[in-house]
Amino acid sequence: MDDRTVDVAIVGGGLAGAAAADVLGRHGASVLVLDDNLHPGGQYLRGGRQSGGSWSDRVRRRGLRLIEHLPQSSVEIASRAEVLGIEAGFKLMVARGNGELSTVTCKRILLATGARERFIPFKGWTLPGVMATGAFQILIKQSGILPAKETLVAGAGLFLTAVARDIQKSGGRVPAVLSESSFFQQVPPPSLLARQFAKFAQGGGMLGRLRLAGTAVRNGTRILEARGDDSLREVVAVRVDKKGKVIPDSETVYSAGSLAAGFGFTANVELAQLAGCGLAFTSQLGGWVVKVNEDLETSVDGIHAAGEITAIGGAAKSLTEGRLAGVGILRRMGLLAPDELKAEISALKEMRQRQMAFARYFNSQYMFPPEYLAGWIRSLPDDVSVCRCEEVSLGAIRRAVAEGYDTPAAIKKATRCGMGICQGSTCKTILLEVLSALTGKPLSHIPLPSVRMPIKPTYLGTLAGGVP
Amino acid sequence: MSGMRIKNHHRGKRVMLTVNGRPVAAYSGETLFAVLCTEGIVALRPASKKLTEAARGGFCGMGSAQECRVTIDGMPDRRACMTEVREGMEVVTDGR
Amino acid sequence: MVPQTADAVIIGAGVIGASIAFHLTRHGIKPLLVEKSDPAAGSSGACDGLVFLQSKKPGLHLKLALESRRRFDGLVDTLGKSIEFKNPGGMCLIESEAELGAMRLFAEEQRKSGLEVELIDGDEARRREPCLSEKVIAATYSALDSQVNPYALTFAFLAAAKSAGARVLTGEAVRAVEVVSGKAQAVFTDTRKISSEVIVNAAGALAAEVGRMADLEIPITPRRGQILVTAAVPPLLRHCLISAQYVAAKFKPEHAATGGMGFSLEQADNGNILIGSTREFVGFDRRTTFDGIRTIASRIVPVIPALKQVPVIRTFGGLRPFTPDGLPILGKVAGLEGFIMAAGHEGDGIALSAITGELIADLIATGRTQFPLDAFRLERFRERRA
């Protein structure tokens, strides 16, 4: 891909990015979607077409149709395109899958960079055989491969049941699903239940089918340790009470060569942070998110945001916000008259409010109260790895905090936590929570470490302008 | 942990790759990470400092954790989960 | 406002402030460091770790650097392995005949100042440093050139100082300096007033701002240097490396226009390779830029082609405290009793930290220094203008 100049660059070719590209492309804007994945569709549409009549399948089909029918005369999708940085103007530095570097110049940017999984570490979580729940889902949906015949699923939140069902439907066995808290630990308010009934019904149905297939569902259960020599051999779990305190003598050992561990999601806000967009920490929205107004504009003039980065909220919200952001960009560019699409815009904003309400409920399943999380972290032994890349233990961080290094930036220098090749992608949220537990400062008051280009590791040969 | 292919998943054409000198059959459209799973190759590289257990394997599956790095066609530090298999691909794990 | 007193107040817990604190405690003085952010949050945490003699200007600058370098061996014993001090020797890489001519003359001047440098041809350079390409036609080698982990050094200075009674306040910016009858006698933060007979300005790139609080005009301006950091890789570099470019340009300015940018490289203990650097006056902007990154990368690839396949995982910009004559500002300030300058080290702060700490601490504790500090006084700028 040579250097490009377009009206709008969209970073992220998932549901939000695609929905925006669709409305933008149909109203006269030239659009380049930069997606780092092999195929567009983001995390949700991995694997393409699905049959079935469930609610999520319907959303999936909507998303696929959207992508397949993007107006090709005005919308270009670049796959395997990683945006490394953004400069005023706007200019985006993009690394391509073939190792080339190119610059994209545009008038407006939509950031739709989605989310990744976040984790609470446990002893042995770096063993081969222990993977994130999303890894299993992606292997199944995208490559049609089940990593193991039998997989233990554990962690926290609603995603566990979905992954367990995916494994079972693919012919795999899930001996148990172990969850930190009981599913639906908060009874959803009746109004929410009524309006988002389909989602709740699907969740409840999944649980039922899991049990029917012989999976033990254990709540109030935490992974204590993953054990093995070269790879996973067994998983030790313990019971925890409602306050998150480990119940003595409650260990169960599961023989397991494969563990799917999931603890929820965190928004990929790094590019937004690099571009100077204001961020905010809000538990109910999934942690650190990009601040947007009701038209989905960020604090930087010309940069808009949509999808998981405004709040972890699922596929339908991403579709709504993509379209809403696209419309907002069109208005700013003068491609829509002030009155045009007025009714639709109102409807979109109303739908977004309902979806945000569901998002708040959804995230409350993952966001444990500060005292709960602090207790959990305090119970972890010193030899738990916090930073996987640099092998920085919880003990090393505790010692550094005791010496007075108590901000993420200071810990980074004192221990190397976050200095590895993933640059905090895996450990950032863990470090923030550890610091909150150790210092008593609320997460909203712990400053994020700085973000610099390149957002993703890039061969020096690529940065030099050649092909490595 | 050894993986298996799911029935009724639409696959592309068969391709042959070499993994650590051994020929491996796979299907176009599968990621290298997925293929390595079917071969039971879970340990992809040594841990950074050898302070804890020896090996590391893929973790997040979506290109974020950087754990699944292998050498592909002579180029080191390529994420297996973000690479689709290709005819003639040469893969070395634990390559650097 | 909490009032307190201290033996000495050091503004800034970067490598200079930390070194001064360490050396003060060896005199039995227990300083209080007042740091607006975290230790090494400024330039000391955004630089490479080269302790390079070959890059110093022959004369006073190089002599000061040599003294500092000599202290490092002792410091390793005192501060320990955590500072990652390594002495692989350094090479200054020559890429053109013009540079070679300039470097021959430069080497003569370096020797006069007491630095042994050896001029070797390209083949010998490649024998010693196999990753170098044919672009290198010659090099100068110094066995003294070394490297250290700059923030680990800062932390080690502080840890040693703290165990001997020094205290560090972090997250507290100095907002004002109290001057009464020509005497600086206290500093204010948002929550405290700290009185002291001695106030040291070790605020690096922010030293001018601190100076204004005491009505001093301090000609220190930030000069950004961008650095690329690679992933940790198996040992590739055997030496610390710089290019002859900017060294030659220092000595023969006509060479400044020709050729590309100067570069510097080291491979840290952890395996990461740091590659620098730019020289930009952009105020206090620490961001890295497309231009800076592409320039550094394209500059180094022809010289060390193996770097093409090494992932860059991070970049950062550090603000060198630049002075008009390239020498730091050290010592007492005429007309302002109790206020001591220790800033303006440009890109040499890490290398000069050892000697700076010792000299300033000696000055405070005994009134005397092993070397005269006249050439480094703040007034020299005013005097030159007059």
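Letters are used for the chains, namely A, B and C, taken in the order the chains are written, and counting of residues starts over at 1 for each.
Keep in mind that, in the parts below, a contact is a pair of C-beta atoms (placed from the backbone, for glycine too) under 8 Å apart; a residue touches a chain by one contact, two chains touch by 3 or more.
Predicted model, so just to flag it, every value in this text is computed and none were measured.
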Chain pair whose interface holds the most contacting C-beta pairs: A-B
Innermost chain, taking as reference the mean of every protein Cα atom displayed: A
Centroid distance [mean C-alpha coordinates] between subunit C and subunit A, Å: 41
Euclidean distance of C-alpha centroids - subunit B vs subunit C, Å: 44
Length of the line joining the C-alpha centres of subunit A and subunit B, rounded to whole Å: 23
Junction residues of subunit A, two or more chains touched: 390, 420-421, 457, 459, 468
Touching two or more other chains - residues of subunit C: 231-232, 309, 311
Junction residues of subunit B, two or more chains touched: 48, 75, 77
Contact footprint of subunit C on subunit B as seen in their complex: 48, 75-77, 96
Of all residues in subunit A, those that touch subunit C in their complex: 85, 87, 91, 93, 101, 103, 390, 403-405, 407, 409-410, 413-414, 416, 419-421, 423, 452-454, 457-461, 463-466, 468
Touching residues (chain side subunit C, partner subunit B) in the complex: 231-234, 309, 311
In the complex, subunit C residues that touch subunit A: 37-41, 45, 151-152, 155, 159, 168, 170, 228, 230-232, 270, 272, 275, 287-290, 293-294, 297-298, 300-301, 307-316
Subunit A-touching residues of subunit B, taken from the complex the two chains share: 1-7, 9-11, 29-31, 33-35, 37-38, 42-44, 47-49, 51-67, 69, 75, 77, 81-82, 84
